[in-house]
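In this document, chain identifiers A, B, C and D correspond to the written order of the chains, with residue numbering beginning at 1 in each.
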Amino acid sequence: MSLPPLEIVLYAGAVSLLIIGLAGLVMSEHLVRLVLALGVAEAGGNLLLVLTGFRQGAVAPILLGAAPSGPMVDPIPQALVLTAIVIGVGVQALALALVLRVRRAYGTVHMSALRARLVEDLDEAAGLPPEGSREAPGVERPV
Amino acid sequence: MTLLDGLWAASALTALVAAAFGRHPAAGSWLTVLYGLQFLVVAMMGGLSEGADPVPASVSFVVLGYGLAWQFSALSWFFAVITAGAALAAAWFVSGAWGRAYAARGGDLRLLQLALALNPLAMYVLLASTDFLSLFVGWELVSWSSFLLMLSGGGVGVRWALRYLVYAIGGAMAVMAAMAQAHALTGSFGFGALAAAVPELSAASLWMLVILLAAGFGVKMGLLPFHLWQAGAYAETPGPGAAFLGAISSRMGLYAMLLTLFGGLGLGTLQALHIPFTPLEAHELLAWIAAFTMVLPTFTALRQNDARWLLAWHGIGQGGYMLLGVAMGDALASAGGMMHVFNHATYQAALFMAVTAVVYRTGTADLNRLGGLVTRMPLTFLVLLIGIIGLAGLPPMNGFVSKWLIYRALIDEGQPLLFVAAVIGTLGTIVSVYKLLHNIFLGRLRVEHESVREVPWSMLTPMLALAAVVFVTGLAPGPVLDWVAAVQRELGFAVLVPTLGGVDRPDGGLDMLWVVGIMLAGFGVGALIFLAGGRARTVHQLDNYAGGHFLSAEVRYHYSDNFYAGLMHRIGSWYRGSFQWLQDALVSATDFLAQGAAGVYRAVQPVTWLLGVTVLALWWAW
Amino acid sequence: MTADAVTLAVALPLLAGFLSPALGRSSRTAAQWLGWAALAASAAVLWSVWVRLDGGTAAVAVGGFRPPLGIAFYLDGMALLFALAVPVVTLLFWPRAGTPQQFALTLVLAAAATGLALSGDIFNLYVFYELTAVASFGLVAAHEARRAQAAALRYLLLSAAGSVLLLAGIAVVYLRTGTLNLAHLATLAPERLQDPVGLAAFALMLLGLGVKAELFPVNGWVPEVYSSVSGRLAGLLAGLVSKLAVLVVVRALVLVFPRPEAAELMLVLGTLGIVVGELAAWRARDLRRQFAFSSIGQLGIVFVAFSVPGPAGIVAGLAVALHHLLTKPALFLLAERWGGAIEGLRGAGRGQWLASTLFILFALSLVGVPPLPGFWAKLLTVMSLMEQGTGPARAGAVVVMAATVVEAAYLFRTLGVLLARESGAESPQPHRGPDLATASLAGLILVGSVFALRPLGDGLKALAAQAVDVDGYVRTVLGGPGMAVSHPASQAPGGAGGGARVAHVPPEIAS
Amino acid sequence: MRNFTSLLFAGGLGFFLLVLAADLPLGAPPMLAGQGVLAEGAAATGAANLVTAVVLAYRGIDTLGELSILFAAAAGVGLVLGRARRRPDAEADPEGGFILLAAADLLFPLLVIVGLYIVLHGHLTPGGGFQGGVVLAAAFFLPLLGRPRNALDHAVIGWIEGLAGAVFVGIGLWALAARGEFLAPLLGKGTLGALFSAGTLPLLYIAVGLKVGAEIAGLMSTLQETEAAGS
């Protein structure tokens, strides 16, 4: 039994990272885990992108003195992935900053709790009684 | 500048004056003059009913490649003359004491005047439609201007106006669907193109058009089951507004149906369109819907204890007669149906004004809190009397002529069931309008109404004028039938050639001059007997009966209370809340779905949706 | 000024944005003026290019590298219209009370949105898309209240997940075709993307872009974000950014994925979006969320309209999108004025006649009362759907019309409350200011457009004819009629060549 | 239940993406645009590293967008955490131990040199402004780990990132003025493989390096200061 070709293994790896990341985004509760899951998913996406330039037995697209010793891989995806990684870094930094801020403001790092609190906040900002309450609108809720 | 331009300009000027000076007490008279001017311009186009060429508007637009043009034909003119007359009468009614009292009670007189002025303007635009697009534009304008009129009084009216709005938009959307469908089928908005394409269209697409158009315009007419908005919306509109709306507004639905279904698709198409598995054709379906519309709302009117609501419910029922006549489609019936538009407008406006006059003096329209006003408001009583005779379709008033034509045609056409339905409807009308007359004007005068006086002439004049029209066109229906004949000719119906007094037919015609003459002679004899006979005598208050209901010491002392209790006990349960369930079901279904929609993102995290829908999309991509 | 100068429209706001925080440390006013100047210059550049093109199309090879090797900007009526809308709307919705950082983010957002309108390269579009995303996260989170930060975080996670899918879609397209240029893709698509793989790539891209474009069901962030931030920012995001994301989807659909299945996917999701958005708006108990859900519904109509193939769909979609661009931001500004629970607004509209009149005007136009523009947009949508005649298209038309009824019901119910005679416990103090002026401007444009329906309609038709002209796009960007660019290396001269080619396509006015 | 559905969805997505592989030319991509770059990239830009040629020349505007994203993220972080910065009374992290302090001092010059090297040789060898910029940021951030009480001067960082970004755009505008094309390569291409070659590309990379370095350093120090402030 021989191993499957390299590109298939790489592709499977990229897809797996993507899926693990997305599943983590859906299933995790902890905000930091969500950011980490996002990182994993982005890594999968980036790997997929760089894989689009992969050629069997080719070398890096750098011209060093002599003529290239063989076919070179596609340089464009490498440039793309550089861009994509930086984008990912920016997004994750912002996400972490928001997690910090949200934790300080709400005192929770759990997504479902955060969502419930957010909806309460929105209702309160609009001067609404909480959903399902029979109270007249605009009445101060007991804290 | 054509006369149609002139009419629009006069109407727009009226609206501008109303918007600018509507609050001023003196503006009422000026506005009345302007409405008179509108009526005059319409009258100057009278040649349309004698086969003159259509009057075009000199404005036209091309929008997105579609042309928009307007013109008045005999059909437009027939409805326009009713509109102009009703608007003039209503404005006259507002112009004097009533308007001042309205403003004094805190009503927004300017808003009312503006809304009252916008309604005829929108209708003149609608009535000048030449294709689906201009029809739809006019249709929406009419819907929204009557919405404004319903709102103008505030209070309960707002809730009814909002309900009307939902119905109206729903109807408009059905019309839009029909219009888009017609355009998709024929590549144009024209009625002519549609008529030409009919032979190639499948029964399914024809049915779709018929149902969409009938439903869309039927909402405005208050056809069953889309009638639930109308009574409340009209009744809660300020009095003169209600008179105007009740007289003509919902008839715009009939106009549009005549234009699209009968003029566009053609009566022949409707008669050839068979309903699968039944012996009925499309036009008979319409006739049966009309029959139910005659009966159920009329008997609902019987149960009303508010005079305005009672009249508004009758307005819905009378619309059924009009559609029934038109849907039967022969010369007599269609003439009867269309003439009924005119007749209904005259007596309905008079009736609403009479009731409004009563409210003006007594402050209530509650039939259980009135009575005996005949001695205090004799002229109003006279107007109401003439009006209800017209409404009930009894000679010598004009309502009799149109209903006679319809009955006669139903018998000729061999439709005994529809005939019975029409008669039952009339029976219900007679019974309930007697309640109206009795509970307001007959019986005992209530103590608090001892000092009530007749209303001022600014209100009486339009009422009496309308009552005169009701009588005169009953006496000599010929001219109105001439107008109707022009419409029949335009739309391709068989044409009824009238005489001055009615119809002359070998198998028995109608000559109202004779009918009225004989009736008056009979009244004269009766009056002689009455005068010659004994005086009235005083009896014990329990030695009496009313509405088939003997009074006893146990029942309420004032017998206008709970009028027809016995009758309602027998038949009331048959139609209680008819079709209310449909509206309730739709509303609660929407509410239920909306709850689900609002909870879409509450049940799961949004990212789950992203993942799930991606998987589904990929699956589907395979 | 050559068409190449159009890059200034992206570069200048970026430049101003980079300098704004540093400059703002010493003078906030200077930073603000710098931003205004950059946006005004951007608008001026776009305007002059528009005038010069005069109905033709042009391609700009950014950096002078000939497409498909380099990145090309494609200029046609549709691109320039939306690009021009960006600086103008951004100026109107400028965060006056903001910090220099907010100015910087707004400028970056404007630059990125302009790029989204102009760029003709899918990866470049991805970059600009992400740039709008990051800038809007920052702007949302900059709001004082803590709910804004929570909403921003949830928005960010959803949007980032969508971006991963978008990236995967781009990767699949690139693997299949070996190019990123839209024109080049358009030539290759018929043979390389006409299969389930191409469809899957479109689905991934649609859902990725759909997050910003408020496509159902990836729009969970909409009600949370719009009801957390100021009316100005909500207006900017709902009005402008969502439209540009839609524009990208439309470009991809027309050029790269002209399969009926792709349009159908959009139709189905758009239809569901209308249903959910409008029904949820019906139940919404506060003004902001009502408008937010209504925005979802409206964007659903935009998607449904654009899903109709051919120029009819583009005309309808553009009409609905532009109408929404005009009305919804203005409504958000009005909501800012009243805000809060609808029941608490009893009588709040009385005595504020200008604001109430504007509300009525926008509501009428949204519901589609002739002759207001909203009616024509709706009519075009319904007609193009009925014309198409397929089952889903008809269902879409029915849903659009049913949604109109629901929309009328809730908008006028709200109006009824606002204008009720009896007043509520305490009516909120209206704050005066430029917000009402902006809303009034939108109202004036709305009313004014009634008198210019004919030129507007003709203009839209011309734009649509250009937008669906795939051959024209390919010719303009790659040069040479019908050139099969399979081996561009063999004919590409040195990078110094090229530059802008202005191909004057005679404006095609459909009869 | 929720987890089950989620797993099902995730598994489904994985399944479909894997099935996709059968129809994808993995390992032998069509490279239509890529071949073009390989064939003419060096001649057109003078960069030996063709990835750099793509990043800075062919797709220069992508890179500008990417810089803007970092900038926007930094600005966003500043806005989010700006108000939540260190309270004056907050307990700061304790100072690092000897090993950390010594390593930070030792590594600082090394990291700066390596970072600069990577930035400057971006057009010749693997690396470039982004990679070098991150190394530079690390050089400045590492001492902060040892001495949490010190803080980077955000004003200086702001000016560096602003000006570096402006330089990048400015070079682009210069090209627009000189050649009529935004971000077109300027100056002589030099000999392939030499340090001073490839026209303006190294200048662009220096701007990128400075901007990235300043932004990453600013980001990390903002996060660190906030964390130090505790909750």
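Simple rule for what comes next: contacts are C-beta pairs under 8 Å (C-beta built on N, C-alpha and C of every residue); 3 or more make two chains touch, one makes a residue touch a chain.
Because the structure is a prediction, the values reported are computed rather than measured.
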Relative to subunit A, chain with the most remote C-alpha centre: B
Chain ID, smallest distance between chain and overall C-alpha centroids: C
Of A-C and C-D, pair with higher C-beta contact tally: C-D
Distance between chain centroids, defined by C-alpha means - subunit C, subunit D (Å): 30
Cα-centroid distance, subunit A relative to subunit C, in whole angstrom: 25
Distance between the centres, which are taken as Cα means, of subunit D and subunit A, whole angstrom: 18
CA centroid of subunit B to CA centroid of subunit D, Å: 75
Multi-partner residues of subunit D (each touching 2 or more other chains): 2, 6, 9-10, 13, 16-17, 24, 26, 29, 31, 33-34, 37-38, 58-59, 62, 65-66, 69, 72-73, 76, 80
Sequence positions of subunit B contacting 2 or more other chains: 605, 607-608, 611-612, 614, 618, 622
Multi-partner residues of subunit A (at least 2 other chains): 18, 22-23, 25-26, 51-52, 74, 76-77, 80, 83, 87, 90-91, 94, 98, 101, 115
Subunit D contact footprint on subunit C (complex, rising order): 2, 4-5, 7-8, 10-11, 14-15, 17-23, 25, 61-65, 68-71, 99, 101-102, 104-105, 108, 111-112, 115, 123-124, 127-128, 130-131, 134-135, 137-138, 141-142, 149, 152, 168, 172, 174-181, 184, 188, 192, 195-197, 200, 485-489, 492, 494-496, 499
In the complex with subunit A, residue positions of subunit C that touch it: 123, 127, 130, 133-134, 137-138, 141, 145-147, 149-154, 156-157, 160-161, 163-164, 167-168, 170-171, 174-175, 178, 180, 223-224, 227-228, 285-289, 339-341, 343-344, 425
Subunit D - residues contacting subunit B, complex: 2, 5-6, 9-10, 12-13, 16-17
Residue ranges of subunit B touching subunit A (in the complex, touch as defined): 602, 605, 607-608, 611
Subunit C-facing residues of subunit B, complex: 61-65, 136-137, 140-141, 144, 154-155, 158-159, 162, 165-166, 169-170, 173-174, 176-177, 180-181, 183-184, 590-591, 593-598, 600-601, 605-607, 609-614, 617-618, 620-622
